[in-house]
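Here the chain labels run A, B, C, D, E and F in written order, and each chain numbers its own residues starting at 1.
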Amino acid sequence: MRNDQREVNNLRPIKITKNYISHPEGSVLIEVGNTKVICNASIEDRVPPFMRGQGKGWITAEYAMLPRATAQRNIRESSKGKVSGRTMEIQRLIGRALRAVVDLDKIGERTVWVDCDVIQADGGTRTASITGAFIAVVLAFGKLLETKAISKMPVRDYLAAISVGVLPDGKEILDLNYEEDFQAHVDMNIVMTGSGEFVEIQGTGEEATFSNKQLQAMLGLAEEGLQQIVEVQKELIGNLADRIGETNPAK
Amino acid sequence: MRNDQREVNNLRPIKITKNYISHPEGSVLIEVGNTKVICNASIEDRVPPFMRGQGKGWITAEYAMLPRATAQRNIRESSKGKVSGRTMEIQRLIGRALRAVVDLDKIGERTVWVDCDVIQADGGTRTASITGAFIAVVLAFGKLLETKAISKMPVRDYLAAISVGVLPDGKEILDLNYEEDFQAHVDMNIVMTGSGEFVEIQGTGEEATFSNKQLQAMLGLAEEGLQQIVEVQKELIGNLADRIGETNPAK
Amino acid sequence: MRNDQREVNNLRPIKITKNYISHPEGSVLIEVGNTKVICNASIEDRVPPFMRGQGKGWITAEYAMLPRATAQRNIRESSKGKVSGRTMEIQRLIGRALRAVVDLDKIGERTVWVDCDVIQADGGTRTASITGAFIAVVLAFGKLLETKAISKMPVRDYLAAISVGVLPDGKEILDLNYEEDFQAHVDMNIVMTGSGEFVEIQGTGEEATFSNKQLQAMLGLAEEGLQQIVEVQKELIGNLADRIGETNPAK
Amino acid sequence: MRNDQREVNNLRPIKITKNYISHPEGSVLIEVGNTKVICNASIEDRVPPFMRGQGKGWITAEYAMLPRATAQRNIRESSKGKVSGRTMEIQRLIGRALRAVVDLDKIGERTVWVDCDVIQADGGTRTASITGAFIAVVLAFGKLLETKAISKMPVRDYLAAISVGVLPDGKEILDLNYEEDFQAHVDMNIVMTGSGEFVEIQGTGEEATFSNKQLQAMLGLAEEGLQQIVEVQKELIGNLADRIGETNPAK
Amino acid sequence: MRNDQREVNNLRPIKITKNYISHPEGSVLIEVGNTKVICNASIEDRVPPFMRGQGKGWITAEYAMLPRATAQRNIRESSKGKVSGRTMEIQRLIGRALRAVVDLDKIGERTVWVDCDVIQADGGTRTASITGAFIAVVLAFGKLLETKAISKMPVRDYLAAISVGVLPDGKEILDLNYEEDFQAHVDMNIVMTGSGEFVEIQGTGEEATFSNKQLQAMLGLAEEGLQQIVEVQKELIGNLADRIGETNPAK
Amino acid sequence: MRNDQREVNNLRPIKITKNYISHPEGSVLIEVGNTKVICNASIEDRVPPFMRGQGKGWITAEYAMLPRATAQRNIRESSKGKVSGRTMEIQRLIGRALRAVVDLDKIGERTVWVDCDVIQADGGTRTASITGAFIAVVLAFGKLLETKAISKMPVRDYLAAISVGVLPDGKEILDLNYEEDFQAHVDMNIVMTGSGEFVEIQGTGEEATFSNKQLQAMLGLAEEGLQQIVEVQKELIGNLADRIGETNPAK
């Protein structure tokens, strides 16, 4: 049993509140255990300079934490005047993951800005951000469909993310909370599609290493957990669920 | 009647949720109409270098907006690498206002960090921040009282803030929403104590001016509104209300 | 009697030297007691991007101090790589105040850059900057009138600023020098037009508060002082004095 | 056959020149095909503030490219005034990888600064950096052993890195050059120890996804390639090879 | 004859106003033709970290221009957030030149901060800064002598600077104004001591070259001009003139 | 005899490797004694904004050191977020020197970016950079001649640079290594053309001065040394040597 009485393969409770903030085209508050992230998707009617004139769109993401999202207050990155390496890694990951399931050719010269702001942190903030951002993006595209700015849902498949890891006793576990993450010898983040393909695998031993067998065990836990999360996503987006994948050639 | 059906002297509905975020010593979500601000107060057991060795404490504030708190997405200040003049003005105002009602001599060499993060904006974000931050700070001192780190509530009086203004038709109004703020010829922010003393007055005509008579009318509206807000604060802090002012010499 | 033998309602001696620097379209050195500020107004034949194509102009201000304008040497803001919150507040104030009395519609797509550089400081640098900048701007518009670049003086009214405050003994005073400013419980800056309308009121209690009665006493002192300053301005600008207000509809 | 006539499981030629720069404690030029990286390891006799007083050491890495290491000249990061997200990701990866095989407890309060400067780039610069940095670090520890500053080689195992990927035609390949990297649907970097344990796995589909079967194929290619690279490393370090692992408890 | 009716070997009129700003230990306004520079010398009772504990002092200089010191307004370096290469070159030159004639061993662990702020520019601002800064530094040391903080004047010799150049017609000239500087093919700045030794020579052909013969002609002009400037300096510092050089071993 | 057994007028061995890096249009590794600099010249088909539409080109240079080019590791300028004054001085010098011998009118609206990256430093890095950059630029123009992008070699003359100085014992020496540079009372850098004209003279006494006689001795040493270096350059560029100067009117 883990420090919060979960089995090794148990997810923490997930709660996603749609339309949490009123201004963005898509907005959710995602809660995964005690981790809480506001995910807003904004549609801008132009693309960055390096993409102009190609007739396709772009998705980019930014990630931040409130200073007191954590047990110790962190200095605000705007006060420091620069974004940390950790923040950059995470926001690049979120953007890349979303681009893997969106048909950028089908959204016109538009940019989707995804903002993931962690208001309370207890481990897994980057994976919660991806899972929540996916919904925010689908909702934002829902708005474009409503106004007939686009004619098909440009999202090819579901997208969700979860962490797995290896505790000092060698046990592989799913969905690490902060305390577990702090202790773990191996920390791995997996991003997958609804059909079970990998989008991103990032596994790291901090002052430690891991075997192929441990890798396989972690991948198994992640796959199981991600299927459950995708079910939550499907239910939440209601009617829009039928439209996921409608730009896929096969469909 | 105003654009949201209020009378000129009507406040918007105020809702304050205590202990909104779990980590900070004091935390509230304050909602004033559609404006929503998370106010967190963090206690740090040391003071900035310029105050060391004086045996007294310090209060400082930081203010920020989520990029999509507004109708148009704003560029994140951490991405720009610097804090705007507007942000600096507001966070200096919040800190100064709080210091006016706190007995810094009675909190030891501690810093209270107040973070006001606007998650949704519809006018009056700086005044909502002050009103909410006051509660967060009282709750944080409540924690220090519980652990007997301090023996008296170091808050001398209530503190609240509100905006007043003059519309293009010359009408003075209380508690401007975004649309009113955008149109107003004069915009004034008033910070007052529970006993009706001024802490800060900032009145500005942007490409316009105002008379002493208009000033008096605005001050009258503000005073009336602030008394109502202080009542909300009193009720909210429950038992701690009895302790406000216990470091006052007269008491 | 005050630390420099003035009565509570006495201004310090004011001296304004026109055309102090040769390059700018308008330039003055303003001396208020021991405070000395170079105010330069520069005309640029274009407006910032956010104002292009509207057929109107813009006024913006920058403020700085020489490192040794003060008793202790300050680190240069260019060396620190960023502008302090105090500087930003002051330069935003100066620009806003000037815009309140200038008909931006009547100056074409031009920007007036106002630079206020404090070479010696003894309190009241921001108010001296506004009083001096007003003259520099009038002189610059005088140049545009001479070359017939514009046909009417686009300045609607005089503009001047002064500080008032409350000393620890409760006495309200006019035009604080550095030592008084340092001691004062309340510090207020008032910007007014020649016809006695308010442009800006900024009153602050640092770790103190003030009553409406004190506010009224301070406003009275300021009004009296500002009338005297406007007389100095009128005399100084000579022939241009007749043209102030010539774009006012009533005139 | 690939664009440079290699088989899918062929490495590019690897050449490592020891003691390339004279000042650093450890220095190599590593060439992997047309990719050339100078890897310097510097020993500093203190640790960063967050590690002081723990009696252990630290390893940190920095990574940069000469502006014209690439086909198009890049703007220098020192001119831009900030380090890009890509650079941060890579230098964090290099540092983390090295820390996984070094006994920080055995090096005293010292910092090893690893500088990887790419002078010519043709894909795989981050993996070449890790492979080369390992040698530079071993050489630097060799210096400390010579001067008896430490008594045992604090490196537990070999460390090398390689890229694998999936080409658009679905073929998995080892050690991508720039052109292959540009085309690949999946790009994965693997860091492994000499005994075949994973240190880091980073696999990414940019606008694409990959299956578990593809993952396994890529891991197989990587393992095979990394064994060859470790052989090159062993030969290169000569006598020091016998001392790798001498702090391992088992040994 | 030159554009301002001077002969090739004529200096522009020089005027130095002592004690121009009241706060600094040494302060002058130096006017060389239409170039005007405020030179302030501030004494700080400590040295920078790299010099601590050596029992000797340091002199450092900073240089800036008001935005409208020039015909076109320049963007403020504090707004740009960084100091230009030109500014850095000049302030390094001023500091180095002053250090060449000051006995740093004789001033204790003190830093002399020299601030040269150009309020009006017409060529030769860096050389006017050096000539003026020398006086400001002597006055500041005069203050230290008065309070007996030091017992001997630590200035070994006079120090002055001037520009020379070659016009497009091949004529060598002394003390270039802005228009001449703009046209000149060669621009050279010479810093010399009162006894005629070189401290610094910086000669530059911008898109041009110069012969040894031209160099000698320019050095001759400079030497002649600098002797006249040193006479102005001697007269200005009055009684302190007798003390220049009193730390020289020979004296 | 000097610390490395050279006579006062001896250069250190010079070795220049052409086409050192494969991507740039011109590239050399220059070694002067133990100083090693990679000089790359890149051609960009546009000019900076301030030069557009004039039908002529521009040459600009950047200079940097690897952190461990020196005995002590230096902090990377990209990590500090700004370029030092020393770096700025050097890169401005290199660019200015190259522009003095290139016919910018004859290269079309192109920018030549010259990057000098010091990989190992032992004194004289700026002069080695100029000597090496000259070759890189000639090679880059050779590429433009080959592709007939330009029809004449736009380089008017050879360009080389060397340091001279005065040791504490008063001896003038040529081509200082690091230890000599550290001790020298006077340090001078001379840039000359192949026909013996000066392009730049920068002589500095750090806490010392020098006489005209010493100046002449140093200039003599420099001239002699530079003639030898130009011979090395001539030989190295082979056929291109015939084309140097072909845009000169006289030719």
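Note that a residue touches a chain if its C-beta (ideal position, glycine included) is under 8 Å from a C-beta of that chain, and two chains touch if they have at least 3 such contacts.
A quick map from chain label to UniProt name: A, B, C, D, E, F = Ribonuclease PH.
Computed from a predicted structure; not experimentally measured.
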Quiz prompt | Reference chain A; chain at largest CA-centroid distance | solution = E
Quiz item: If you average the Cα atoms of chain A and of chain B to get two centres, how far apart are those centres in Å?
Solution: 34
Quiz item: For chain A and chain F, what's the span in angstrom between their mean Cα positions?
Solution: 52
Self-check item: Whole-Å separation of chain centres (CA-atom averages), chain E against chain F
Solution: 29
Exercise. Could you check chain C for residues that touch two or more other chains and list them?
Key: 81-82
Quiz item: What topology does the chain contact graph adopt: line, ring, star, complete, or other?
Solution: ring
Quiz item: Starting from chain B and stepping next to chain C, in what order do the chains sit around the ring?
Solution: B, C, E, F, D, A
Quiz item: Where on chain D does chain A make contact in their complex?
Solution: 82, 85, 88-89, 91-92, 96, 99-101, 104, 188, 193, 196-212, 215, 219
Quiz item: Inside the complex, what are the residues of chain A that reach chain B?
Solution: 21-24, 27, 34, 38, 40, 42, 44, 62, 64, 66-71, 73, 76-83, 87, 113, 115, 117, 119-120
